[in-house]
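The following pair of complexes shares a single chain, chain A, combined with chain B in the former and chain C in the latter.
Presenting the complex of A and B:
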């Protein structure tokens, strides 16, 4: 306690030195926290967009379909049985489910063609699970018994499609013959999931079974919405038991978000490297402070030792001082970091700041503005880490100072 | 000045612990700068080279209508020469421009192979083997077999080859739409394998002789794009201006557009902007290091207040005192920067040989972004000199503040001050 008091007093003897060194730590912490908020924000928004527009929370489909959905798609379909549907109906966790038939095709505007993914849906139940219809910018979303096609705005731009234009989609049917579906574009969607705006088109299921040569109600997978995305993994495991069908796999949205997770990992790595470099300089700063303080207090130290203070206790005083700088830096960094993140979370930043646009999205499923997110564990972790770095950096120079011969130091001059 | 330098050196050696740690702080910062610059340079040069060699050339010449529809592999916006005189004439005219080194005509088209029950979609690129040979990037990437020479031959990417479960000598029938949108077929023999090490480039492209592609698509003497090269990618702007002038002289500046490599892809544009930001980060790192030096200087001045007073009383001018302390700071800065540049240089040199595997685990999941998986930082003297100068100059500037403070001390008060 006594040593703590000395350390505390020492901390404020050279205010500029303490503040600048704590400042280095604080800067490292602010940068780390902000980058972390950015990464978590990207992740949060991406996950929401993937779930709400592409995958739903949970998908049920054949194991071989999930393994390689783009090859031989039509051989990997299934027809949900009454029991399957009854199981889903009974569940209290599921708030909606919809059968989906995804298959690859080529869309043609009469001059050029482009490969796409056709999503044949049951409009009524689809809207209970997904929110694609909220992002229609022209025309309307798919309705039952309607042969029309809804496309994304980027595809529309690329192929110069407008609502009311005629399209042809070309694909191979179940027997392997080429077949087409023609019709009118009825709606254009601009969703916050850029990939979907280019690659995916929507059509009502009733229109595709005959041209594909499939029995009706055959689907590639069922998409489910549940209450909370965090419980998806847990619930999927349970659902898998309930359905108990060897051919079918129950998988969660995480499978569709792998790219985002990889990005997060890459970002995290960069963040840690940057943090490490700044902390390296921070550590040199702490060592500097301890050496300077020790030099200044040479006589003091000699006197304390002469009066019987143990070397260990002297090291402790210096270490506590360094920890003090770590705590000041940590508090400053976390405090200012929180302010920065609060602003960031509230107002967001335009993705254009990072040079991103709808065309150049690096596969990140977000458009327009990016908002950060709170991640309390990061605050705790970085605070703790800063203090530990300060402590570790101080020990060697402090021991060096404490080892000096008391007689020599008192007669320093 | 010599006299002051001598004092400064002696002063620094008075407490070598303290001086050393200040030197180390600067050294650490400069080392980070050397390495970061080397790494970034290695990363960007490699990335730029991929884009330049495979997509844009130093300058890319296309028809304006092709610009946003390149993704569609449309054949409706070809380059058919000046006033329709044909591509060959246009190329030979372009080659007369002084800055033009190589002109590579390319004709991209969509093709399919139907194998068993599967349909493989791919991008065919018609290339002029003689022209490609002079530039060399494509022939270099052909790791097995050889370049296409006559008709009926193709070079395929390694990834595509594996997907087709094929090997050199195998024959495949390709389906494709010609310029009149009617479906055609032609059989090719694989004569070479292209392996760039980048999945995105190797998994769905193949190369055919340009004259054969022109013939089979009914696009006689046409191409979809021209990749034009000069001596170095840094001179692309000059090249673009020259070509623009050439187009204007021939009254076809409406018919064709030219892009420099850094404008041809938005990713590269973004990348270039990001590099500008890094310059600030370097300065920031060195400033962090300077805080340590400033702290040390402040202590030195406090310690020597009596000495300063004495020197001032003996007639040393204020400017001399500033010089003395700045020299001390400068010595720390110079020695630190030198040390940092040396260590950073050694690290960078080592990594420039073995490479730094930074992304390869992630690249597979990263989708469309083409990046080199293993980065070889660039080791060059220019980088070391720049980093050294940056470190030394910023440290010297940072020392001016405490030095001024020392010079402003009143001699009498300073002499009497009890430390």
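Presenting the complex of A and C:
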């Protein structure tokens, strides 16, 4: 108890040194927490955008289609059976599902053309799974028996399309012959998913079967929305068993978010590097403090030894002081970090800060502003990490101080 | 059995490869309850002798027996435990712990020695502080005390655990004459009342005046050992 008391009071003996060292540790912690909030924010926004605009939570399609969806797409389609649909209908986890026919094509405005992915949808059920219709900035979203096309704002800008303009989509049909679909642009969408704004166009399924030479209800996959994205993998495995169709694969949104998942792994590596830097900063600060304190308190160390205190108890005094600095730095860092993150979460940061734009997004499915996200485990991790680093960094210099010859320390020789 | 027996004790320091003998063969026996003074010119080896007696250091040659135990054979922890329970130190520069109050400085010594529960510890500390005339100053930190008051805290700290031996290295060197006399009176009283053995190193004639035994050290040897009535 006395060792703790001495250590605690020593923290305030050189207030500015304690505050400076704890402050340096706190700054490192704030940087870590901010970076972590940034990565978690990117992750959350990216996952949300992919799930809400591109893939849904779960997809069911042919295994060969998922393996290579852009090559010979029309040979990898399927027609869901009554049993398939009944299985999905009776599920309590699924909140909505919709059949989708994705196929590659080229869009033409009469002068220029651009490669795209056509998403032929069932307008009624599509809105149960996706929210693309919420981002219409001109015209309207696809409706049943409507021959019109909805395109993204970037594609509209690129080919100078406006609502009401005529388009031509060029593609190969099931027999391999070139065919086209003509019509009007009925809507322009600006979603938070930049790839959807440039590469994907939406059309009602009824309008594509004949030109493609396909039977009605033929699709590339079914997209599902479930209650919670966290249970997607678990539920996908169960659904796979329920459907029991060897040709079909049930996959989750994580497969569509491979790029972001890879970024998450890179982010974890970045966190490790940051933790290493904090370790270094914290360790250097603490070692410096312990060495200086030991030099200043040489006579005191000698007196403690004369009083019969064992070396390990003297080490404890310095280690407790270092832990104190770690706690102050940790609390300061976590407290100020929380303020920074709260601000960041509310107001976000423009992607332009990172040299990114809607056109130049490096595959990250986010536009405009990036918002952070709370990650409470990161606060706990970095707080305890800071304290442990402080403790470990103090041990060696404290042992050196405690091992000094008592005669030399008492007389400060 | 005497409290201390030193036989042919030598201590050599090294400055690089050069040997610097501090003690060249000391033979002393100290009985319990003595109030002795070790004196001699600067560099004669007084402090070195006290450090060896107090188990702060080990001799290069000869033997130091403390209460029947030879300190030559003890490791660092055993020496620390001997000091913890049986030796009290008083230094010229007081060596109080600056972040602790007068009360806490004294209590700390007792806590280290694990003597008594909280209530008895508190009573004991208050009693010893009263004995060294520091009532009312218990809550002051060392920087709020005068030199004499600090030395009285140091005396209380040395005595509170009721050690067999108190070693005082030039205890009055930083104090004025009146304060020195007060400090010596207190130590003399402790010796009488508690029977604690005191050994001083000093070149202060007033301190020597209080001693009942005078041991003179010159060039690392005992040149005079005189009992006084």
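Going forward, the second predicted complex is superposed on the first by the 403 of 413 C-alpha atoms of A that agree within 3 Å, B and C clash if a C-alpha of one lies under 4 Å from a C-alpha of the other, contacts with A are read in each partner's own complex, and residues count from 1 in each chain.
In this section, contacts are C-beta pairs under 8 Å (C-beta built on N, C-alpha and C of every residue); 3 or more make two chains touch, one makes a residue touch a chain.
Fair warning: this is a prediction, and the values are worked out from it, not measured in the lab.
By the touch criterion defined above, A:307 lies against chain C but remains apart from chain B after alignment on the C-alpha atoms of chain A. Counting the residues of chain A touched by each of chain B and chain C gives the higher count for B. After overlaying the two complexes on the shared chain, residue contacts for A:6 are found with chain C alone; chain B is out of touch. Of the two partner chains placed around the shared chain by superposition, neither chain B nor chain C is touched by A:316. In the superposition on chain A, contact of A:17 is made with chain B only, not with chain C. In the superposed model, A:76 lies in contact with neither chain B nor chain C. Touch criterion met: A:263 reaches chain B, while chain C stays clear of it.
Residue ranges of chain B in contact with chain A, taken from their complex: 15, 17-18, 21-22, 24-25, 28-29, 32, 68-69, 71-72, 74, 76, 110, 117-119, 121, 177, 181, 266-267, 269-270, 273-274, 285, 288-289, 291-292, 294-296, 298-299, 303, 359, 362, 365-369. Looking at the complex, you find that chain A touches chain C at residues 1-2, 5-6, 9-10, 13, 299-300, 302-311, 405-407, 410-411. On the chain A side of its complex with chain B, the touching residues are 16-17, 20-21, 23-24, 27, 71-72, 111-115, 157-159, 172, 176, 258-259, 261-263, 265-266, 277-278, 280-282, 284-285, 287-289, 291-292, 295-296, 354-357, 359-360, 362-363, 397, 400. Put simply, chain C touches chain A in their complex at residues 47, 51, 54, 56-57, 76-77, 80-85, 87, 89, 91, 93, 95-100, 104, 107-109, 111-113, 157.
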